[in-house]
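In the two complexes that follow, chain A is the common piece, with chain B as its partner first and chain C second.
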Partner chain A sequence: MWLTLFRKECKMWCKSIMFFGYLAVILFFYLTQMGSEDVPAKPEPGKESYGYHYSTDEKVIMETAMDNLLYEYCYGVYVTYPMGFYKGVRLNKEKTEKIEVIIEKLTGKTDEEFKKIINDYKRGVKYESSGGASYQTEAAPLDLKLSKDITYDEFLGYMEQAAKLIGNGSKYGDTYLKSNARVPLTYEEALHEYNQMKEKDRFSGAYARLYCDYFGILLGIIPVFFVTSRVLKDKHSHAKGVLYGKSASSAVIITARMAAICTILFLPILLLSLLPLSQAVYAAGKAGITADYLAFLKYCTGWLLPSIMAVTALGYFLGELTEGVFPILIQVIWWFASLLANVSQMIGGFGYNLIPRFNSLGEYSVFYKSRDSLVWNRIVYTVAALVLTAALVYLYECKRKGIYIKNGKVSKAHIRKSKA
Partner chain B sequence: MNQEIILKNVSKYYGKKKAVDGINLTISEGMFGLLGRNGAGKTTLMKILATLHNPTEGEISVNGINIRETKKIRSMTGYLPQDFSMYGGMTAYEVMDYLGTLSGMKKEERKKRIPELLDKVNLSANHRTKVRAMSGGMRRRLGIAQAILHNPQILIVDEPTAGLDPEERVRFRNLLCEIAQDRIVLLSTHIVGDIEATCEDIAVLDNGKLLFRGTVRELIEMAEGKVYTAEISRMELEELKAKHIVTAILSKGSMAEVRFLSEEGTPFEKAVLTEPSAEDAYLYLMGREGGKAVCG
Partner chain C sequence: MERYQKLIFVNLKHNLWIPALLVFILCLLSPVAIGLENLNVQQTAKVIEVFLSLTGIIFLMTVFSPDIDRDIRDIVASKKEPMLLNHLLRILCALFFLSAVGLLFLLWMIRGGCQFPFGKMFFCFLANSVFLGGLGAFFFSLSNQPVLGYMASILYFLLNFGAGKKYMGNLFLFSMQYGSFQEKYYLMAGGIAFLLLAIIWRDVV
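Here is the complex of A and B:
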């Protein structure tokens, strides 16, 4: 019975406008986001630039953070991204003095020395006019360097103080501190990166991660529209009475429906992955190796399917509970919060975010370091989806027996009976 | 096996409201009518029997199986809800196939039964018609076909003829009578004519309580000697209505031929004692002071 019902649900979806809309959205998303991705080529020596990467070297992190703090202090505006949106913060006199103390500690200068250097620097700043606009130019570099006596832990302490003074989303909080250290790649580093993509990822792994990164965003929200539509379909067609009275168990009905939604959302993603797979196969062929043909299947299953399952299960549960569009509201909030939480960690900052990001083609070593974190993340969401499904089956069974009334409260009659 | 539904002291509360109040009833094979005004508790009782509501108190057994064994009960029950409908985009055949699957029917069984039943309810020519394009009557017929698809021993039909035109209603009643062979068909309605035309055994509910249990003949006997007709002027009509329950009025210019109930013997000279109909008897029962229970 399960398989027949599953097939019928899939067939129903495949004939729906919503499904065709979904196909159009994913195709459009792929073409606009990944369609123009260049095939990675082996770096040649002597090039001007090999791209950038985020350094994990503590010294580099400290120096770049220090440079940023000095720059922002001199211009009097601190760039922050609270909730992911830009906000320039100007500190009052009291807070500015506290920032000055932090810089003095970091540079090992006395208050007098620090003020003198800053004043000299500010006097040296000149303005140039061009085409009616005025531009600020630096006359001489700022002669302030990080003290050699500062340890990384002490540095982190000062950064925490600065972050508190400036507010959420500054460059000195935990979230953004390491992403300050964006440094150019050397030829050797670029070559190492390329070799890892070739040997460890066989190109297809790198493409699959980027593919999952993009589609993880879409699949963090789209399933909720499908499940809400399914719940509302039962409600608006007045089919509940007749469906509830059938002998199929709630577990069969719910799991078949959920599996159908997950399948019709997941299969097109898998099919579409043949396009980037072909790119990976081409890149691998060019490098004289064979791509991993199953890479997309493995990554999509492990990375994207748990997202689909979790969003479907939560949406379905809330949908059956409220029989309205409430799940969409909840999911939009969750999705938006997940996206914003990742703004500073677009490459490998997985944590327990619904939408794991890895917005880079390559960087195998960065992925390898945070791979366990991704695995745990996905396990948590898979388990959560299964638990929610079990709760949903129970809820649906209660609804079929009339124990739950429409707005989700347990009926008083049932409470009375339970107490007796 | 003897087919029987036994209800013992069944009650159902919605919060503090008692929708069904201590019903004791035995229903045997054949057509059984459940009559009562809107809000009498008929639909609640039907839903309890279809396992869509749990009784708050009391015991119910269906062919010897406790009502709380929902899976078994559902597999032996067909249910046509009051407002039957299905997904608008499905065709008649697809509805039957989908609901047959939910009833656990195998593919071959569905393939054999669906055309048979669509033919039986006169929907063969419309097997590709989408639900959203069906008339009310077609939907009800589709509803009855899906309810008997898995050949249930019990068929529960809630207000099936409400909103149907007279021709469709007669056709539907005849269909129910055909189906009632070798099974229990429980028909709930507030239309006395439907019950009179189809059911031998009936029960009347009011305010969740069982007012009457017996045959249609017994119900009619209760009103014997209490139904009168008279031709009166329209001026006298209001006075008559104030004193008696008027069951029918036929206007004849400035006069009116009325049919009314009277407990006191011949109420006035022009009144003629007449044979009661089921509708007269039902109204007599409902109008009795306090609605005393009369259970045969």
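Here is the complex of A and C:
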């Protein structure tokens, strides 16, 4: 029964215009995002630049954050990106005084010394006006440096206080603090990166991560269109009456439909991954090693399938509950928030975001450090999908029995049944 | 004239007030996540192009939603007023609401000290939202499936995020953030064309 229904659903979807639209979108997305990815080459010594990375050196992180805090304090505007959009925060007098205390502690200056240095600096700043706008032309150097007595843990504590005062998305919160310390790669570091990609990732792992990063964005929204379409098709074709009367159980109907949607969304992604896999095989061949042919299968299943399952389950559940386009609205808001929330940290730092990002070809050590957090993230979404599926089966069963109807009232059929 | 007023009133009552309320709430809550004070032209354009333009999908997708059901469509078609007129009036209502949202939001931003050319920014908002909404309405009209309309608009929006000006050409949605305004004329023309094609397919063909 289940297999027959599953096959029927798959067949129906494969002939639908939505499925063809999906195929066109993923192909276009692949070509525009990964189609022109260069094959990684072994770095040669003596080059001008080897790219950049986020420094893990505590001293660099502390100095960068200190400079940012001083600059923002002097100009009275603290830049935040709570949802990927710029938001300039101006603190009130009380909060500004608290920031002053933090800076004094970080620099080891007394209140008088600190105020004198700041006033000298502000007097040295010169402005020029042009076209009605005023801009800074020169500034005296700010004679404030991070105290040598401050340990990294103490520093993190002060930054946490500053982040709380300024608000979500500031440069001093967990998300941004380390990503501000962007420094150039040296030859040795670039060579180490390359060797890790070759030995640990065998190239295909690095390509698979980048592939999952891009397609995670698409698959954080697309399933909701398929499930909402499924629910609305039933509604507009008045098929519910027929379906409810069938001998198939609610669990069979729901799981077969969900499995069909997950399958027709996941299989094209797997098939398309043959293209970047061929790039990885070529890169590995050039480096004299064999690529891991199963890397894409492993990464896609662990990384992308939970996203498909979670979005499908939530969309289907809300769809059955509301029988309208409401799930699309909810999913668009969730997807948009997830996408913008990690604009500042597109490499690692997965947290519990629906769309885990790793927008880099390589950087194995960064991935390795945050791998556990990705695993937990994906487990949470898989479990959530299973729980929602169970809730959906229950909801569907209630609707079939007539217990639940759209306006939430208990139907007459159910009252009659219970009275009997 | 009275008949038109009645059609507009019925459309507002049964079709447009929930989207209008939704947009109102979204705009009202936006300062929680988006800074609306002291922004320059590029930062204002980002708010308008990335966030506010999406209201076009919400409003313009309502044009065909009352007559998804063929039985209802047959009843409406049997009335004295042609279907074409119904759809045109619904589009005009949606555009009116869209313009009101754009005007009020931009005035709010000006009050917050944002600096930008008002007329250009308003046109930028209209062009983007009419294009996204028109694209959705066109696919809705073709398939009689609202989901396909939403999918087309949202995926187009998403592709612009990733592909950029290089691939999207003159139909790039986020050009004003990079200082280019020319694309807005193409987007506006494209949006109007999509709306017209949607009506022609639904009512004439």
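The rule is short, and it goes like this: the second predicted complex is superposed on the first by the 328 of 420 C-alpha atoms of A that agree within 3 Å, B and C clash if a C-alpha of one lies under 4 Å from a C-alpha of the other, contacts with A are read in each partner's own complex, and residues count from 1 in each chain.
Definition applied: a residue touches a chain if its C-beta (ideal position, glycine included) is under 8 Å from a C-beta of that chain, and two chains touch if they have at least 3 such contacts.
Here the structure is a predicted model, which is why all the values come from computation and not from measurement.
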{"item": "Touching partner for A:82 - first (chain B), second (chain C), both, neither", "value": "second"}
{"item": "Touched partner set for A:148, first chain B, second chain C, both or neither", "value": "neither"}
{"item": "Partner chain(s) touched by A:5 [first = chain B, second = chain C, both, neither]", "value": "first"}
{"item": "First, second, both or neither for A:242, with chain B first and chain C second", "value": "first"}
{"item": "Touching partner for A:401 - first (chain B), second (chain C), both, neither", "value": "first"}
{"item": "Touched partner set for A:15, first chain B, second chain C, both or neither", "value": "first"}
{"item": "Which superposed partner A:93 touches (first chain B, second chain C, both, neither)", "value": "neither"}
{"item": "First, second, both or neither for A:253, with chain B first and chain C second", "value": "first"}
{"item": "For the chain C and chain A complex, residues of the former touching the latter", "value": "22, 32-35, 37-39, 43, 46-47, 50-51, 54, 68-69, 143, 145-148, 150-152, 154-155, 158-159, 162-163, 167"}
{"item": "Sites on chain A touched by chain C in the complex", "value": "17-18, 21, 25, 28-29, 32-33, 77, 80, 82-83, 85-89, 214, 217-218, 221-222, 225, 228-229, 232, 236, 325, 328-329, 332"}
{"item": "Chain A partner contacts - residues on chain B that touch it in the complex", "value": "12-16, 47, 50-54, 56-57, 70-71, 74-75, 77, 79-89, 97-99, 101-104, 107, 131, 143, 146, 150"}
{"item": "Contact set on chain A toward chain B in their complex", "value": "1, 4-5, 8, 12, 15, 233, 237-239, 241-249, 253, 400-403, 411-414, 416-417"}
